[in-house]
Amino acid sequence: MTTTSHGVRDVPVTDAVLEVDGLTVEFPTEDGTVRAVRGVGYRLDRGESLGIVGESGSGKSVTALAVMGLLPGTARVGGSVRFEGTELLGLSDARLSDLRGSGIAMIFQDPMTSLNPVHTVGHQITETLQRHHPGLNRRTARARAVELLGTVGIPGPERRVDAYPHELSGGMRQRVVIAIAMANDPDVIIADEPTTALDVTVQAQILEALQTARAETGAALVLITHDLGVVAGHTDRVAVMYAGRIVETGSVEDIFYTPRMPYTLGLLGSLPRLDRDEERLTPITGSPPSLLNLPPGCPFAPRCPLRRDTCDDTEPALRPVGPEPHFSACHFAAELADTGAEDVFDTVGADAEALARYADATTPDEPPKDTV
Amino acid sequence: MTEIDAPGAADSRRPAREHEFTVEQRSQTRLVLRRFARHRAAMASLVVFVLIVLWAFVGPHLWHYSYAKFTPDNSQAPSRKHPFGTDSSGYDAYAQVMRGTQTSLKVAILIALGSTAVGAVWGAVAGFYRGLVDAVMMRVADLVLTLPLFAIALVISSRSGGSWYWIAAVIAGLTWAYVARVVRSTVLSLREKEFVEAARALGASDTRIILRHLLPNALGPIIVNATVLVATGILTETALSFVGFGVQPPDTSLGLLVSQAQTAVDTRPWLFYIPGAFIIAIALTINFIGDGLRDAFDPRQQRVRQ
Amino acid sequence: MLAYTVRRILVSIPVLVVSTFVVFLVVVNSGDPVANFATSRQPAPSKAAVAAFARHIHADQPVMERYWHWITGVLHGDFGPSVQSNLDIGHDLFTRFRVTVTLVASAMVIALLLAVVFGVFSAIRQYSAADYAITFVGFLFLAMPVFWFAVLLKQAGIWFNEQTGSQFLGTIGEKSPYLEVDTTWNEFTDRLGHLVLPTITLALVSFASWTRYTRASMLEVLGSDYVRLARAKGLRRRTVLVRHALRTALIPLATVTALDIAIILGGAVITETIFQWHGMGEMLVQSAQAVDVYRTMAWLLLSAVVVIGFNLLADLLYAVLDPRIRYD
C-alpha cells in the first residue's frame, strides 16, 4: 500500500481513514460506455484535508459518489475503496448505510435541492442522529439538533429547528446540510462543491462553517471544487483531476509553486491576479474530451501547448517528481520545473505565486493531526 | 488570443443571416427524427398505424363487399370469403370494420387537427399579448375545461344526426382548451427569447411573429398534444357511438360495431373482438408514437440501459 | 386556510353561474322536446295539448327568462319541470347520486391504491422486466375502450357465476330486484356483488394513467438531491423510500387524482349503461334522448359542483401535504 497508491505519502497504514486505489467507474449508455473515472487513487489520513480540483465532467463528483456507494445501479465500479481498513466496494447496501452519515458524511453542491421540502430541518437532522444512535430519545435528539444548528452559525437555532427548508436562504440551508454531515461525528466529510451554487458573499461563511465542523468532529475532509482559490485556503494537499484521472497531486505549496503538469499550469493561469491589474488571464483553449470512446494518448494533449508526438500515443502514468510527495502525469514533467503559465500558455498573468503565498498564509488551522 | 474559449464563441462573431435560422431548424428536425427512430416501440407503432390508415382508406375500394350491402350469408364465422365473418343480417364484417375504422379515424384526426389549430392559435395569441387579452382568453379556456367532456358531447351530439364531422366538431370544441393552455405556457417562455426580440427589432408584425417564430418553436409540445388528442378522440367517439349518441346507422364506426355486437359476444365473438381490437390498436399505437415524440422533443431525456 | 376556503367557494359561484348559463344555451338548443312530444305520441296530441306541454316545460319563454327561472328555482330546491310528467328531478337526482357515488368512490380508491403500488414498484425497478410489463399493461389499459372492457367483464362475470353456481357477481343493476332472505347482511353482500365488476371497469382507465403518473413522479423524486442526501445520511433504503420519496412524490398525485373526477364521471356514464345501473349515467342518457332540458341541467349542475369541489379539494390537499404552499 505504501508504494502502489498514487500521490500518497509514505506513512504507516494505520493512520489512513480512507484509501482509494485504482478506482474505475463506467456508465453504459446507448452510445457506448462512458468511462467517467479511470483509475483514481488517493489516501486520506485522520484529520487531514485533501482538495480535489478539476473541471466539470472530470470525474471528481463521481469519485465521491463511488466512495459513498451512491452511484446509480447502472454504474460499473472497480478498484478498491477502504474505510479504516474495511473494503467498501462490494459491501451490502445495509452495511454501507451503517457507515454513511456516521463514518463518512457528504455535503452536496446545491443546498436549494439537498433538503427535503416537506420535512422540517430539525427533523432532517434528528433523523440521522436517531438512525445511528437507536436509543436516542426524541427530546435529546432535538436538543442536539438545536446545538448543531448553533454550531454551524444559524442564528436563533431554537426557532429555526422547526423551519422548513424553503423558509431559509441558500446559505442557511447549506449550513443545515453541514450540520447534518457533522451530526454523528464522522471520520471523513466529503464536500462536493459546497459553495459553487452560492453567492460569492456567502461562500466564505460556508467554508468557515465547514472548518468549524472539522474542528468539532476531527474529521478528515475531501473538498471537491473547481475553484483553486478555495483549495488554497482550506486543504493540506491537492489532487488535480482531468478526464477521469488524477493528473497531478502534491502539497498545496507544490501545486501552486512548482506545478509539473501543463493542465495545472493552465488552471493556475486562469486565476485572476489581484496585485497586477494590467495583466491578462491565460486561458486553456478547447474543452475537455468526451469520456465516451476516449482516444489513446494523453487526454490533455489536444489542448496542451507542449504536445509532442508521444503524447498522442501513450498516456503518461502518475510518476513522482522531485523529492517531496509530488506526482505528475506528464511525459515532460521534468522540463516543467520552474515554469510558469505565462511561459507555456500564450498570455502572461497567472498569479501562481501570489496564490501560493496566500496558501502559506492561510494553511488551515490544523485540526487534530499527528502525522505531518 | 484573448478570446473566451466558450464553444461556439467563434460562430457568434459571424453576422447572423436569415438562412442560418433555417439551417438550425433543419438540423433540429433531423435530431428529433433520429431520436424518434431510436424509440423502437414508437417506430413499430408508426408502421402499424400507417398500415391501418392505408387499409381503412384504400381497402374499401379494393374489397368486393360494401359495408352497406347485405350478403346472402348471415352469422358466418370468419372464412376466406368473409375474413371477419358476417353478422346476423348478412353484412360482411370485413367491409364494416374497414368502414368503421375509416369513420373513427376521420373523426379522431379531425378532432386532433381542429382542436390543435384552434388551441394553438388561441394559446399563442393569449401568451403573446398577455395582460387583459390573456386573462379573458384563458378564462374562456378554463371555462371550457370545467365542462365534463363526455357528458356535454353526449348532450350536444344527440342532435348530430350521426354525421361524423359534427361529432368531431363537438369533441374538438371541448378539447381545444387543453392545447391552448400548453401552447400558452410555451409561448410565454419563448417570447422573451432573443430571436423574438430580433424579429421585433426588425419590424416584424405581431401576426408574423406569432405564425413564423412562436408557433414553429412550440411545435414539439403541439405535436405531442395532437397525438394524445387522436387517442382521446377515438376513445370518445367510439364511446359516444356505443351509447347511441355518435355515428348512426347506416353509417358505422368502431364503437357502433362493438355496441351492435355486445349481445353476440358468445354466439358471434368475431363481431365483438375484431372492432374492439382495432380501437385498441389505433389508440395504443398513437400513444406509443406520442411517447416516442415526447422523448424525441425533450432533450433532457437520456436513456440508460443496463 | 378557512378564509381561503370560503373565498374560493365565493369565487366559484360566478364561475358556476357563467358555466351553467353557457351549458343551458347548449342544452336548450340540443333538440326540440315540443316537436318530439307532438310527433312521437300515439294518438297525436291535440294542438292545445302540445301548447300545454310547451308551457309546462317553459318552452314558450325566452331563453334568458328560462335560465333565470331555473337558477332561482334551484336555489329553492326546485330543479324545474321534466318532460316526463310526475318526475321530481330533485328527488330523482339525489337518489341516483347515491347510487353513483358508491361506484365512483370505490373505483377511485381501488385505482389509487393499485396505481401507487404498481407505480412505485415500477419506479424502483426501473428498466426491469417487471417495469416494462407494468408500463406495457398501462399503455394497453389507456388504449382500452371502457365499454369494450365492460362488456368483456360482464361476460366473464356471467361465466364465473355459471362455473361456481353462485349469483355473487351481479351483472345487471346496482342490486337485485328482490332478495329471498331480506337481511341487512344479505343486502350488503348483494350490493357488494353488484359493485365488483363495474368498479373494476371504472377503475381501469384511471389506474393506468395514475400508475404512469406515480412512476414518473417517483422517478423524479428518486433522482432528486434530497433523496441522495437522505441516503448519504445513512437512512435505510426502505426509510428513504417511504419517508422521503413516497411522501413527496404523492403530493402531485393527490392533485391529479382530484382533477380527474370529470373523466371518471364520464366513465361512470358508460359503465352504468352497460351494467344497467339506475344511477346518474342512465339519467343523463335518458334525458339527452328525450331532450329533457331541466333534467339534463340538474345532472350537469351537480357534476359541475362536484368538479369544482374536487378542484378546491385538490388545492387544499396540496396545502396540507406541501409545506411550501400556504394560503391565507
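To keep things simple, chains are lettered A, B and C as they appear, and every chain counts its residues starting from 1.
Throughout what follows, a residue touches a chain if its C-beta (ideal position, glycine included) is under 8 Å from a C-beta of that chain, and two chains touch if they have at least 3 such contacts.
Chain by chain, the UniProt names read as follows: B = Oligopeptide transport system permease protein OppC; C = ABC transporter permease.
Being a predicted model, the structure only gives us computed values, none of them experimental.
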item: Longest centre-to-centre distance from chain A, chain (CA-based); value: C
item: Chain pair, B-C or A-C, that carries the greater number of C-beta contacts; value: B-C
item: Most centrally placed chain - per-chain CA mean versus overall CA mean; value: B
item: Centroid distance [mean C-alpha coordinates] between chain B and chain A, Å; value: 51
item: Computed distance of Cα centres, chain C (ABC transporter permease) from chain B, in Å; value: 25
item: Centroid spacing, where centroids are CA-atom means, of chain A and chain C (ABC transporter permease) in whole angstrom; value: 55
item: Residues within chain B bordering two or more other chains; value: 304-306
item: Multi-chain contact residues (two or more partners), chain A; value: none
item: Complex contact set, residues of chain B against chain C (ABC transporter permease); value: 143, 146-152, 154-156, 158-159, 231, 235, 238-239, 242-245, 255, 258-259, 262, 265-266, 272, 276, 279-284, 286-288, 291, 304-306
item: Contact set on chain C (ABC transporter permease) toward chain A in their complex; value: 224-237, 239, 243-244, 247-248, 251, 321-324
item: In the complex, chain A residues that touch chain C (ABC transporter permease); value: 68, 70, 93-94, 97-102, 105-106, 108, 110, 113-119, 127-128, 131-132, 164, 166, 177, 180, 184
item: Touching residues on chain C (ABC transporter permease), where the partner in the complex is chain B; value: 15, 18-19, 22-23, 26-27, 29-31, 127, 139-140, 142-148, 151-152, 155, 262-263, 265-267, 269-270, 273-274, 284-285, 288-289, 291, 296, 299-300, 303-304, 307-308
